[in-house]
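First, the structure itself, so that you have it in front of you.
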Amino acid sequence: MAGKERIAQRAAQDLEPFSIINLGIGIPTMVADYLDKDNYYLHTENGLLGVTSVEEENIDPLLVNAGKLPVGEAVGASYFHSADSFAMIRGGHVDVAILGALQIDAAGRVANWAIPGKDIIGVGGAMDLLVGAKKILITTNHVSKDGSPKIVEECTYPITSTRRADVIITDLAVFRWIHDGYVLTDLLGDATLQEIAEKTTASYRVSDKLYEKGSTK
Amino acid sequence: MAGKERIAQRAAQDLEPFSIINLGIGIPTMVADYLDKDNYYLHTENGLLGVTSVEEENIDPLLVNAGKLPVGEAVGASYFHSADSFAMIRGGHVDVAILGALQIDAAGRVANWAIPGKDIIGVGGAMDLLVGAKKILITTNHVSKDGSPKIVEECTYPITSTRRADVIITDLAVFRWIHDGYVLTDLLGDATLQEIAEKTTASYRVSDKLYEKGSTK
Amino acid sequence: MNIPKHIDVDQAVANVKSDDTIMVGGFGLVGSPLTMIDALTHWDVTNLTIISNNVGETGKGLGILLQQGKLKKAVGSYFTSNREVAKWYNEGKLELDLLPQGTFAEAIRAGGAGIGGFYTKTAVGTELAQGKETRDIDGETYLLEKPLKADVALIRAEKADTKGNLVYYKTARNFNPIMASAAAYVVAEVDEIVDEGELDPEAIATPHLFVDALVKSRYVLTKEGVVDRGR
Amino acid sequence: MNIPKHIDVDQAVANVKSDDTIMVGGFGLVGSPLTMIDALTHWDVTNLTIISNNVGETGKGLGILLQQGKLKKAVGSYFTSNREVAKWYNEGKLELDLLPQGTFAEAIRAGGAGIGGFYTKTAVGTELAQGKETRDIDGETYLLEKPLKADVALIRAEKADTKGNLVYYKTARNFNPIMASAAAYVVAEVDEIVDEGELDPEAIATPHLFVDALVKSRYVLTKEGVVDRGR
């Protein structure tokens, strides 16, 4: 299983049934492939509760998700305008937002909307979701394309919110915010504690459970 | 024609066709009897655009106006919740609010929600309508039951808003706010200029038109 | 989490605890959750704050809770429909927060929408502005109003589907959809529960993510007044 | 006053004047008034402020207005869909007001609802909070955001009745209903105009009091892209 699929599958396992979930663009959207559609309710901020996947032949150009990709309509779905949709998000009615990230830092802050030195011309719903969802789950490759760590001591990219992410799921590991910082709770695939240490510049604790298992899976 | 009916009929004549109109409790509600229902759109703040009168046999207990009286549903009506309904009012989407008054003063301020010395336990939508409607039309008996003037120099009752009423229609006269104060523009029934002067303690101007006609109709 | 359960009315009001803040839908009796209000009069709680446009009528609906001494405070716009409210208030046995109806509705919406406060021109310069902060914006004076939220909302809809989506009936809609958004636990009293997929997705007024539980109505408002249709 | 007229698209855009602020509905092309946007590209105006989630795509939709130099400013949440926006901005030929999408939507609703400003936690502590007032409310920090209003709103609905009531289609609803509430003059582009009474009163998303004129759609979004259905 390739890294992105592994991340998406692992994120799906982290969700409680009957949750209201909002999926960001990219890896988060792939999480839907691993969910039993009858037990999860997908919200998209452009105005639909009850997102499903859609077969090519049933594509409706006026039925899309926040990434402007074609989607389907679940049984029992409902439509609403953008202000009502973000009222759901900001008002704490979405249980989980699954979002991508450019960086996450040791304080739990996420940067996922702008790159320093590049034009800052788009933000979309990222800031609203980070502030409003009851739980924030970040799905991301552990390192960026050039190999540099994405889980860093302090974000150098513009942050999206001061509200911290609850869970980080990468292709290598799972981190959970416990008390005052992130705890490495799971190693994925062939990842080792040493590999995580090398590829993570943020400070974090390691779950006792992992030490007991030893440094390899 | 009794005083209240005369007031309601005169108020109806003051409305431009195709206006969106909100009617308060009492005399304002009676204005509907003098409107061609196809040419006016009645809004009620409890969540309906398209109020009509209803025959006894068609009364629906769950279809009422702001006075909790049974009403009917016009063709092309729509329902909405209370926040959306007051968004229409506060946002300036209602053309005319027709309201009753305990007092109106020379500065155009209306008092219609509380009586000094009595318990102040209800306000309803009066303050929102006075602030939000594009035009405020007050319908009221010229004097109160004890004969004291209701159009006074300065309200002694708690005011409902600092926003002034545009038109006052009583059983005796019509006043319009022009430039910096009220102008007596019409005498109703057998009213005379002298009678209005005696029963009005607010300062006001008299329209040249009335002087030309003389002091009686 | 959102698995709306069809529950018994007694289970529904068992979610109300002493000292809680409770939103109750309805404009007078229209769109009021009469069955749950009745159950609440039989439920042993005290010190409630009720957020509702009215406090019922004398000895009727929420008015019974007042007579039972269960209320600490009432937040609404028109308590005139129950003259006993003034008596309890004047005796210092009931706190009141009287708001213009539009401000009341907007404050509930704000509570549900995560808005920390909003500026309105309504009530500026009146007695209801006393103690409230004003601010000039673009040459006009506004009042700062705070959001309203509750522990439990008891609302009334016409129909639910099994997911908990709601549709309303005529002017019985009123405060119910916004209250559904502004409480930690929301129970909707309905006449009918239909299969999911039976409600038009374009016409659902309250999406199911707001609704925690469903109760079937027993007491309903008819032309002849409130009627007990039986369990 | 409210007599919604079924008018020609050229009459519709003739209401747009130089220096005006114009709201344009749609999330990308979905729910975008394509026919009126096309007419606007043929209409001689300049110095427009566009309030729209996006500024179309490069050389498409509102992107044409940008290329024509008709825009003074754009207010929205996601201009990334048109990379030329950055070029014009960097050359100082276009002002931008970038808002989080929820703040953008709420600001439009506030504009339509007569709200002078509102407090939101969204964007607190980020670059988009720069220059904005913060306030601590009940232990949390909020940003003050101002309402958005426009001279003209060009919106897209599915159907209108002859009174001007509107219903929308699936996710083509998006910003259209709130924009209908926030402009002095509102034109809705629709696929169909039905007799009054044909739309369900419980399902009307935009009551007719918001709508000034109706235009029939000519350019529509299909699976194969934008198609000219003819006048």
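The chains carry the letters A, B, C and D, assigned in the order they are written, with residues numbered from 1 in each.
Here, contacts are C-beta pairs under 8 Å (C-beta built on N, C-alpha and C of every residue); 3 or more make two chains touch, one makes a residue touch a chain.
These numbers were taken from a predicted model, which means no experiment stands behind them.
Participant: Please identify each chain that touches chain A as well as chain C.
Facilitator: D
Participant: Decide which interface, B-C or B-D, involves more C-beta pairs in contact, and give its chain pair.
Facilitator: B-C
Participant: Whole-Å distance, chain B centre to chain D centre, using C-alpha means?
Facilitator: Each chain's C-alpha centroid was found; their separation is 35 Å.
Participant: Centroid of chain A to centroid of chain D, CA atoms only: how many Å?
Facilitator: Centre-to-centre distance between chain A and chain D: 30 Å.
Participant: For chain C versus chain D, what separation do you get between their C-alpha means, in angstrom?
Facilitator: About 33 Å, centre to centre.
Participant: Specify, in ascending order, the residues of chain C that touch 2 or more different other chains.
Facilitator: 106, 109, 113-115, 120-121, 168-170, 202, 205
Participant: Which positions in chain A touch two or more other chains at once?
Facilitator: 73, 79-80, 86-87, 89-90, 131-132
Participant: For this structure, give each pair of chains that are touching.
Facilitator: A-C, A-D, B-C, B-D, C-D
Participant: How about chain A: which of its residues touch chain D in the complex?
Facilitator: 44-48, 59-64, 68, 73, 79-83, 85-87, 89-90, 114, 119-128, 131-132, 158-163
Participant: Considering only the defined contacts, which chain D positions touch chain B in the complex?
Facilitator: Interface residues on chain D, with respect to chain B: 1-3, 109, 111-115, 161-163, 165, 181-182, 196-197, 199, 201-202, 204, 207-210.
Participant: Within their complex, state which residues of chain D touch chain C.
Facilitator: 106, 110, 113-121, 135, 137-138, 140, 142, 146, 167-170, 200, 202-203, 205
Participant: What residues of chain D sit close enough to touch chain A in their complex?
Facilitator: 27-28, 30-31, 77-81, 85-86, 89-90, 96, 98-103, 105-106, 108-109, 120-128, 168-178, 205, 221-223
Participant: Write out the stretch or stretches of chain B touching chain D in their complex.
Facilitator: 16, 18-20, 41, 43, 49-50, 73, 75-80, 86-95, 131-132
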